[in-house]
Structures are given as C-alpha cells and as structure tokens.
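Okay, got some structures for you below.
You will see two complexes here that share chain A, one where it goes with chain B and one where it goes with chain C.
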Partner chain A sequence: MKKEITKYYPLIPVFTAYLFLFLVGKNISGMWQLVAMLLFYCAMGQAFNIFLGMTGYVDFGYVAFMGVGTYGMALAITNLAHIEGLGIGIIIIGFILALLMSTLLSMAVGAVALRLRGAYFAIATIGVNEGFRFLIEGARIWNGSEGLIFTAQLNQILGREAASSLMTYWADIMVLFIAALAAFVTLFYMRSKIGYALTALREDEDAAKVMGINVTKYKITAFITSACFAGLVGATSWALKTPYVFPPEVFEIHYTIEAIIIVLLGGAGTLLGPVVGGLIYGISKYYLSIFMPGFQLLIFAPIIIIIIVLFPEGVVGMLKSRTKGSVLARFII
Partner chain B sequence: MFLEQLTGNLIQGIVLGAVYGMATMGLSLIFGVLKVVNVGHGAFIMVGAFVTLWLFNALGINPILAVPVAFAVGMGLGFIFYYTTMQRLIKAPELATLLATFSIGILLEELVKLTFGSEFRGYNWVVGKIDIGVTVLPMSKLYACIGSVIIALLLYLWFNKTRAGSAVRSVVEDSEGARVCGVNVGGAYALSFALGIGLTVASGVLLTMFIPVGINPYMGGGYTLKAFVIAVLGGLSSPYGAFFGGLAFGLIENGSYTLFALIPGVEPFALTRFLSFVMLLAILLIKPTGLLSTK
Partner chain C sequence: MKQSAIRTLVVFSALFCFFVAGFSLAEAKSAGKIVIGHPACLSGKYAKAGEQAIGGIKACIDWVNNVYGGIKVAGKKIPLKYKYYDCESKKEAVTSLIGRLVTVDKVNVVFSAYSSGLTLRGAPVTESHQMLYMDHGGANNKIFRQGFRYIVQTIGPATSYHQGTLNMIHKIDPKAKKVALAYEDSEFAKMVMHGAEKYAKKLGFNVVFERTYPKGVTDLTPLLSALKASKPDFILGGGHFEDGQLFNRQLADLDIDTKALSLIAAATLPAFYKALTSMAEGVMGPSHWEYGVKYSAGEAKKVGLNWIGPNQDEFVALFKKALGKNIIPDYHAAEAGAQVLAYVLAVEKANSLDSDKVRAALGDLEFMSFYGGWDVDDTGLQVGHSMVDVQWQGGKRVIVWPEEAQTGKPCYPMPTFAEKAKGKIAVP
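Up next is the complex of A and B:
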C-alpha cells in the first residue's frame, strides 16, 4: 500500500502549483485574468505532453483537436438550447460531445499518420488543422465560415447571472481540473506498462518492436488520450469562456506552436514540465504584451532556437538530472 | 463551354504548376541531403516576394532581374542559418530540427513585419497578355513558367556536371563513404542547405507574378502546406520529382477548382485546399516514397 502512495508523490509539486495559482487568483484582486491564462497554457501543455513528450512525435495539427472540442460544446449548446429544463446538464452533454468528436478525429488522423514516422508523421499532421478548417468553410458545415455564436442561448439556459459567472470564473476552475486530471493521467501512464513501452519507443522504435512491444497500440492510446484532453481544453477555455467559435480562430496553428514551446521549455516527457513551461511562457507573454505589444513572436522565435540548441532537456529535465539521488528526486519526474 | 473552361483552367494549372514545382525543389533538396524538413519553407518564399516588391517599387528593377538577387539573398540566409543553428542539430532528434526551422520561419515573418508592416501589398508590372483561345495568359505568368523550367534545368546541370554537384550527390548516397573519399561532408551539407534556401527565395520572386497584390509577411503558410503535398507527390527527397509533382499539383488544383465550382452552395476555393490535405494523407498512406518515384 505504501508503495502505491509513493508512486504518486510527483503529483505533489504539480498540484501545489495549481493550488497556488488558484489562491493567487482568488485573493489578489486583478490577478484572475492572468491566472486564467496561465491555467489555459498549463492545461494545453499538460495535454500535449501526453503525446509529444512521451512519444517524441511532433503533431503540428494538434490544435485541430482543441478546435473540434470547441465545436462539440458549441453544437451542444446551439442545438439543445430549446429543450426546457436541461440547465447545467447541457454543459455535460457538451463535454461528452467534445470528447466524442476529438476521439473520432484523433482516430481518423491516427489511423493514417501513426503509420508514419519522424518527419513523415510531422508532414502528415501539419495540414490537419488547415484541412479541417477548409472542410468546414468549404462545405459550409456547422454554419461554415460565419461560425457559431451562442451567448444568447447560454444566457437563456442558465440565466444571465449564472452564464456570466460561468464565463468569468467557473470555466477557469474547470480548466484547472482538466489540467490536474491530465497530470494524473500522465503519471498513471508513466508508472504503467504504456509509459515504459513509450520510453522504449522514443529511444529506438525498431528495437522496441523487435522486443515484442506493440508500439502501435501504445502510440494510438497516447495520441487519443492527448487529443481528448485537448478537446476538453477547447470546450472549456474557448467555447465556455468566449461563447462563439470561428473556424480560422480555433484551427490557428499558432496554438500548436505555443503548446510545443511550453512542453519543450519545461522539458518534454516530464510530469512537472508543462506546468513550469506554461508558467514561464504565460507570464512572459503576458508582460511582453503589456510592455512590448506586437513583439512577442519576434522575441520567442530566437528563444526557441536557443533552447533547442543549448538546452534540449528543458527546465525540469535539467532539474531532474541535478537532483538525481537526492530526496527531491522522488518528487520531480 | 464547360470543356473549354476546363481546358483553359488546366493550361493555367500547368503554368502555375511549373512555378509550384520550382518552389518546392529547395524543400526536397534540403530533405534529400540533410534529412531535415524545412517547416519554415513558406517564410522563405515570402522573403523572395518582398525582395521583388522592394526592388520593383523602390528601385524600379524588373522582377525577372530580381531572381538572381533573391537567389543570392537566399544563399546568404541559408549559410547563416546553417552555421548558427542547423549544423548543431543534424544529429539531434527530428523534434529539434522541425522546431528550429519552424522558429526560423516565424523569426523571418516577424522581422519582415517589423520592417514592412503587415498589410497586403503589391506591384504593377505591365507586360501585356497573350490570348490562346481558351484562356488569356498574362505574359508575366508565362515568364515565371519559363524561368522555373530554366532554373530546374540549371539545377540538373549543376548536379550532374560540376564537382560540387557530384560531391553533394555522393553525400546523399553514402555520407561515410564520401568522407572516406575526401569529400568535405560538412561543406556539402552547408552548400545544399544554402542552395535549397536560395532556390526557395528565388521561387518567391516567380510566385509574385501570380499574386501581384497578395504580398504579406504571413503569405507563406499556405505555400508550406502546398509544398509538402508537392514534395510528397514527387517522393520528398528528389528535386526533380518535386518539379513534376508541382506540375501535377497545379493541374489537380485548377481542375478540381473548376469541378467544385459546379456544386451549388459550397466555397470551391476552401474545398481545393481541403483536397490538397486529403491528397497529402492519401499519398503518405499508399506510397510514402512518392507517386512519381520508381522505388
């Protein structure tokens, strides 16, 4: 039993960080907006890390899963708003739909792309978000390029008061829980067979295959899990916080890049990495946008290059090798 | 009537396709030699477009003459990025090179935005047009097409007839063997990278003939995706494959646009873009070595 508990020690720093964020946002006035943004980045990083970090495969079309998640929630609210007495249940249906849609898309993409490796995988996925966006716009699915706006429906179902507190407060709390859940699942995977299999795969896929590891099965599991969390993040951070969805916005490759930066900055494949990366990235972006608006990308691009060339391990990766053998090592993975 | 329109569009497709092909040769060259996927490909095309724009509007220089200038600029950028970044990442996992080239692309876009601003710009080069019955071709597009064919031929000659070209080919075949035989492998990598970037920037000049008012720091993204489809069509690692892949892609793009336009209630342009994505996945699934390769 004791061994079971020590297994989950590394969650302590992660959850402490989230609790700290929550307390800062709750008690210091004017901080909630920043905290909400940081939670979004941590959640996105945590979700992305499950696939990118654990397998080493780069999915450039990742944002598509967040996009369909957003659509899942949006579709539930716009189509079911007329049913009396659903109340908060509509949001639960929205989450289920978001999960369903991101799972389906990830299965479809995974079925093709996961047969490919390395550069070929990256090339196959780079068009997923654009492709899906152009399908929605071109075939005029779900209102095409006009998008969906559902502020009125949300007000109608929940009442103006509740809807506004959902947008400004409860949605962020949900993101917090999604991030925490993603961290838990990450650790659960790391500590089980799938984690070892994926480590083997990341080091040498052919050798792993020869050893009799069913690499495809584990790759698909990680891919779908990661996509599901992305869908949930989209459904909350985008659909519930800002009740509208436009195809060019939710399929913007920019978010994939942000997620990659966060994972890399913190340390790919580590549990604490996305939190550290999300905080560093979010805070610097927030203050850069205040002090040097319009220059964030110009500053971030060379930073990524420097990190890749000089610190490929990321912050937590470095911390991990520093603390090796000490008591702290049990908490940082 | 419809057939006439289709033929006209297909001819336009071939003309555009030749330029697409040339615009992808750099991508395939870099992948073929260094095994690096240049995810920032489109940004280099954008640099070429801005070189043209600047030379034409500020100095009144003919866009045809902008091709060698853009090529030189591209070679310079290629050497700079190779020696500062890529050289250290050749042996690193794919994740590193993909992100590095992506970041280089963003860096270029932001630098251009800082210098020129982010609004759409264009230039007006009047050289007349030619009527071939089914369609009207502007001379500028025809020049771009001819220019692409000439550049493709020059690359072929360079590869097969010069010492440096055969050195690069030997590195592609077997880099260890080439090293043993006294080939400067590092130099061949640097040269191929610079040449690939040079070709890409030069292709940006020719592409402006098709989008005279669509020049913008973020114009490259669409070309990156198209270039991937074309490169994959041509087998990803062969510059000549890429050229023919471009021709095929131009035909498919224009042909499918004409067909999609027949369906009521859809946006044909967006559907063409969707089709290119589906093609990419389908080719990778069926024959990752490329439809046009014999392997």
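Up next is the complex of A and C:
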C-alpha cells in the first residue's frame, strides 16, 4: 500500500508548483494574467513532453493538434449557441469535439509519420500544421480564412458576466487542471509498462523491438495522448480564453518551437521538467519584455543557450542526477 | 547531497524572488499624470507597425504636454504619460501585459496591440476591469459585434477601405458601372472586399466578376483571363505586397486594360513602384493616411468639425524626434497618434478619468486632426474617418481622394499598359 502511494510522490513538487501559482495569481493583485500565461506554457510543455520526452521523437507539427482542438471548441460554440437550454453543456461538447478532432488528426499523422524515425520523422511532421491551415483556408471549411469570432455567442450562452469570467479566469483554471492531469498521466505512463516500453524505445528502438516490445503501439499511444492534451490546451487557452480563431494564428509553428524549448529547458522525459521549463521560459520573457521592451529576445536567446550548455539534460535532469540516492530523488523524476 | 539540496533551494528561492520582486518594482500610480498603457508590438511579426505606433503616440503625447499644456480635468491641466511593454506580437503576452498595465501600473486607458487578433485577445481582460480600450490596429468589423462595452476604434473598419475609390469613380465617371473584385483569400482582404461589394451595389455598380486567390499565389493568369472576359470598367483587388505586385505585372502581361485599378496593401508602398516602375503608373491604393494629406484647421472649419492636434508637418517633426530616426511616419503612426488626441478630447468632455464617462464622451465626439475625421457609432466602430486614395503619377504618390485631402487630381482613366510601356505617365 505504502509503495503504491510513494510512487506518486513525484507529483508533490508538480502540484505544489501549480498550487503556488494559483495562490500567487489569486492573492497578489495583477498577477492572474501572468499566472495564466505561465500555466499555458507549463501545460503546453507537459503535454508535449509525453511524446517528445518519453520517445525522443521531435514532432514539428505539434501545434496542429492545439489548432484542431481550438476549432473543436469554436465549432461547438458557433454551431450550438442557438440551441436553448444547452448552456454550459456546449463547452462540454466543445471539449469532446476537441478531443475527437485531435485524436483523429494524430491517428492520421501517426499512421504515416510514425513509420519514420529521427530527422525523417521531424521533417515529415513539419508540413502538418501548414498543410492543415491550407486545407482550412483553401477548402474554405469552418469559415476558411475569415476564421471564427464568437464572444457574442459566449455571451448569449452564458450571459455577459459569466462569459467574461470564463474568458479571464475559469479558462485559466481549466488550463491548470489540464496541466495537472497531463502530469498525472505522464507519471502513470512512467510507472507502468507503457513507460518502460517507451524508455526502451527512446534508448534504442531496434533493441526494444528485438526484445519483443511492440514499439509502434507504444509510440502511437504516447503520440495520441500528447495530441489529446494539446487539443484540450487549444480548446481552453485559444478558444475559451480567446474567443476567436484565425487559421494563421492557431497553426503557427512558433508554438511548437516554444514547446520544444520548454521541454528541453526543464528536462525532456522528466515529470517536473515541463513545469520548471515553462516557468523559466515564461517568467524570463515576461520580465524582460517589461524591463527591456524590444530587446528581450536579444537577451533571452543567450540565456537559453547558457542554460542548455550548463544543463544539457535540462534543469530537472541536472537536479535528478545531483539528488540521486538521496531522499529528494523520490520527488524529482 | 546536503550541498546540492541547499543549492537547489537557493535557485528556487532566487526564482521566487525574481517572480515576486518584479511586482514590487512596479511603479505606483503615476501621481498627477494620466497614463496611457500599451502592449506594443516592438518585436515579432508586427514589429514594423508597432514601432510606428509608438512613434505616433509619443509624438502626440509630446504635443499634448508641451504645446496643448496637458489635459484639462476639473480645472487642472494634467500631463500625459505613456507606459508600454513589448508583447512580441503574441497573444499570450498581450493579456498578461494588459493585466499588469491595468492592475499594477494603474493606467487610465489601454491602447490595443496591432492587428485584429491581438485586439480581440485583449478585449475580455479590459472589459473585466471595466477599462477603456482603444483600438488603432484592429480593422475587423466583427470586433464591434461581440458586445464589448469599452472598446473604441480609431483605425477605419476594413469594410470601408474602398468606399473612397468607389465614391471617386462614381463621381467622375457615372457611366462606369462594371467592377471586378479579385483578391487574396485572407481574413483581412475578404473583409475589405465584402465591404467594397456591398458599397458598390449601393452606389449602383454591377459586380461582374468576383473571385479569390490563395495566399502565396505564384500565377494569377487563369484568374486574370477569366476576369478579362467579364470586361470590367475597373478592378479592385489585392491582399498583400507580393500578390499585389504579381497582380499588376500579370495584368500587364495579359494586356488587360481597365480605367482604374486599386490594390489594397501593395499599391501605397514605395517598393511597389520600385518593383514595377512604369507598369505601376496610374495604379491606386487606399490608405488610412498618407504624408501629404491636406487636413487642416481650415478644412475642419469648412466641414463644421473641431480641430485638435499638431498639423501634419509638426506631427512628422515630433515623430522623428520621438523615434530618433529620420523616417516619415506611415498610417500606423498617424492612427495611433490620432487616438491620443481622441482620448484627450473625450477626457476633457467628460471632465473625468472614469472609463465609463470617457467611453460615453468618445461616443459623442466628432473632430478632425492631421489624421482626418474621427467619429464612432454606438458599438465603438469608427465611422468618421475616410480612407485616402493614393495614385502613382509620374513615379510619385499623389493623394487623389477625398477632395478635402487631395494633393492632386486623379488620372482617370489611367494609361493602358501599351501606352505605359512606351513611357506614358499618368497625368490628370
């Protein structure tokens, strides 16, 4: 029984960090929107880490899953707003649609791209977000390049006050829950057969195959899980918090790059890494943009390089090796 | 182990201190000043427009503080202050910075970041704080159909971009009835052309051709061949610089001559003429503002509007001083600067800094500045500002419409491509 509980100890620092962020945002005036941004980066990193961290595969089309998740929520709101009595049920339908769409896209992409490895996989996924954007714009589906703007529908569904608090507060709380859930799932995978199989394939895919591990099955599991969380992050951060969707903004490769940086800064394949990476990334960018507006990227780039050079396995990777054999090792993985 | 645990603790404590100290370093409300807050786009994809906006805002604040003497509220003249951060043209940063501007810096008004998307992103945050939110970069009309109560627009709505062009042709050539619309498949161009189509029909024009082309298009020949068959009197088109240039070049290649050609976004740029030389002669484009417009206190008096602000040359000088660069401001600077002037007048009219009162005053406000007219409807949508139409004449940009802003008469019909190839320039 005790062993059962101790295996969840690594969640303590993760949940403590999220609780700390929540309390800071809630109690210090003016902090909430900053906390919301940090939660977004942590959630995005945590979701991406399930695939990148656990398999070692770099998916450059990751933002496409966030994009379709955003569309899932947006379509539910814009198409169902006129149905009376659905109320908050529309948002639940939106989440289901976001999950469904990101799952379907990840299955389609995974079926093709996961047959490839290393650089070939990365190259194959680069086109996913751009391809999907052009599909929406070119085929003029979901209002094509004009996108969808739906604040008015949210006001209609929930009432002005409730819609306002959804956009400025509750959407961020949902991101917090998604981040926490992603952490829980990551740990569950790490501590189960899936995690061992993924570790084996990350270290040597051919050897894992020879050992009888069905690497395709586990890769797809991690890929779909990661995509589902990305879809949920998109549905909340980019649809409920920002009630509009313009294709170029939700299929921007920039967000994939940010997710990679966050995971590498914190430590790929670690549980706490995306939280630490998200915090370092978000806080540095925020304060640099305040104290040195216009020059923050010039300063930020060397900071990232220094961190990566000093801690090639990420900050948490370094902590892990330093605390090996100590009592802290139970908490930092 | 102990040492590394201590080190870890130190690192996290430092991070925590940095996190919270950043807040304690925040300024208390600038006593005795009215503060404009702005999540500016100093870097990222809108950096160029962002730099211009900052220059325009600084220039007009300089004028308000040093020439106008500050804003008169409750019998006192109060200076303006400008607080801006760099949002990197990113939506996540826009909300977090607006949160800071409103709650930590305690600004009195927030100016939106550039683009419709970023403007929309910030709106729920300013609404939740009941803070006045002024939009100088989001042209999408739909922003104003979402029920936001504190948003007011200075930039003209996308649907009005071609109204001036259509008015001009309607006036100088009542026989021209056939218009062709060919434009990029993008949110902005579609909004512009939907407005143009509606307005053209209202004026009695027949839309004989309407088709979009994808972003990044490299060949418009099939589309232009179909357009040629519809025999339009004039064409409205474009989307961005690259496709606008291609559009013009391939019209020349196919010898498609019309009486007028107006291209959004591309035709007003100096690079357009540089790339096309004589092929660009006579081509027009709408712009929110161009250096050379003739708006003045005299013009304002003629149309019965109040005048405020520097004249055009004063604005240009203040803009150069603000940025420390010898560059001519473009419309991004002018609209952001005009927004400062609108805020000044509204505060004085409301005799208060309260967002509700200033918002109500903005609703009743009508004035003219170097940027042109300013008036908003109940939703906050800009309805008083007319676009200017620029035409390339002899390698120079001439403002040909509206009449109160024009620096020259329009050349209509423009020379044919064959004439232009022989060196004929567009002269009225």
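As a working rule, the second predicted complex is superposed on the first by the 315 of 333 C-alpha atoms of A that agree within 3 Å, B and C clash if a C-alpha of one lies under 4 Å from a C-alpha of the other, contacts with A are read in each partner's own complex, and residues count from 1 in each chain.
Keep this in mind: contacts are C-beta pairs under 8 Å (C-beta built on N, C-alpha and C of every residue); 3 or more make two chains touch, one makes a residue touch a chain.
Here the structure is a predicted model, which is why all the values come from computation and not from measurement.
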{"item": "First (chain B), second (chain C), both or neither touched by A:297", "value": "both"}
{"item": "Touched partner set for A:160, first chain B, second chain C, both or neither", "value": "second"}
{"item": "Partner chain in contact with A:246 - chain B first, chain C second, else both or neither", "value": "second"}
{"item": "Contacts of A:289 with chain B and chain C, given as first, second, both or neither", "value": "second"}
{"item": "First (chain B), second (chain C), both or neither touched by A:92", "value": "neither"}
{"item": "Partner chain in contact with A:115 - chain B first, chain C second, else both or neither", "value": "first"}
{"item": "Touched partner set for A:141, first chain B, second chain C, both or neither", "value": "neither"}
{"item": "Per-residue contact with chain A, leading partner among chain C and chain B", "value": "C"}
{"item": "Shared chain A contacts, counted only where both chain B and chain C touch the same residue", "value": "134, 137-138, 140, 144-145, 297"}
{"item": "Complex contacts: residues of chain A adjacent to chain B", "value": "52, 56, 58, 60, 112-113, 115-116, 118-120, 122-124, 126-128, 130-131, 134-135, 137-140, 144-145, 253, 257, 260, 264, 268, 295, 297-298, 300-302, 304-305, 308-309, 312"}
{"item": "Chain A partner contacts - residues on chain C that touch it in the complex", "value": "1, 4-5, 7-8, 15, 18-20, 22-23, 26, 40, 42-43, 84-88, 91-93, 95-100, 102-104, 116-117, 120-121, 123-125, 127-128, 140, 142-143, 145-148, 185-187, 190-191, 214-215"}
{"item": "In the complex with chain C, residue positions of chain A that touch it", "value": "24, 28-34, 36-37, 40-41, 134, 137-138, 140, 144-147, 149, 151-152, 155, 160, 164-165, 167-168, 237-238, 241-244, 246, 249, 279-280, 283, 285-287, 289-290, 293-294, 296-297, 319, 322-323, 325-326, 328"}
{"item": "Footprint of chain A on chain B - complex, ascending", "value": "31, 35, 37, 39, 85, 88-89, 92-96, 98-100, 102-104, 106-107, 109-111, 114, 221, 224-225, 228-229, 232, 236, 260, 265-274, 276-278, 280-281, 284-285, 288"}
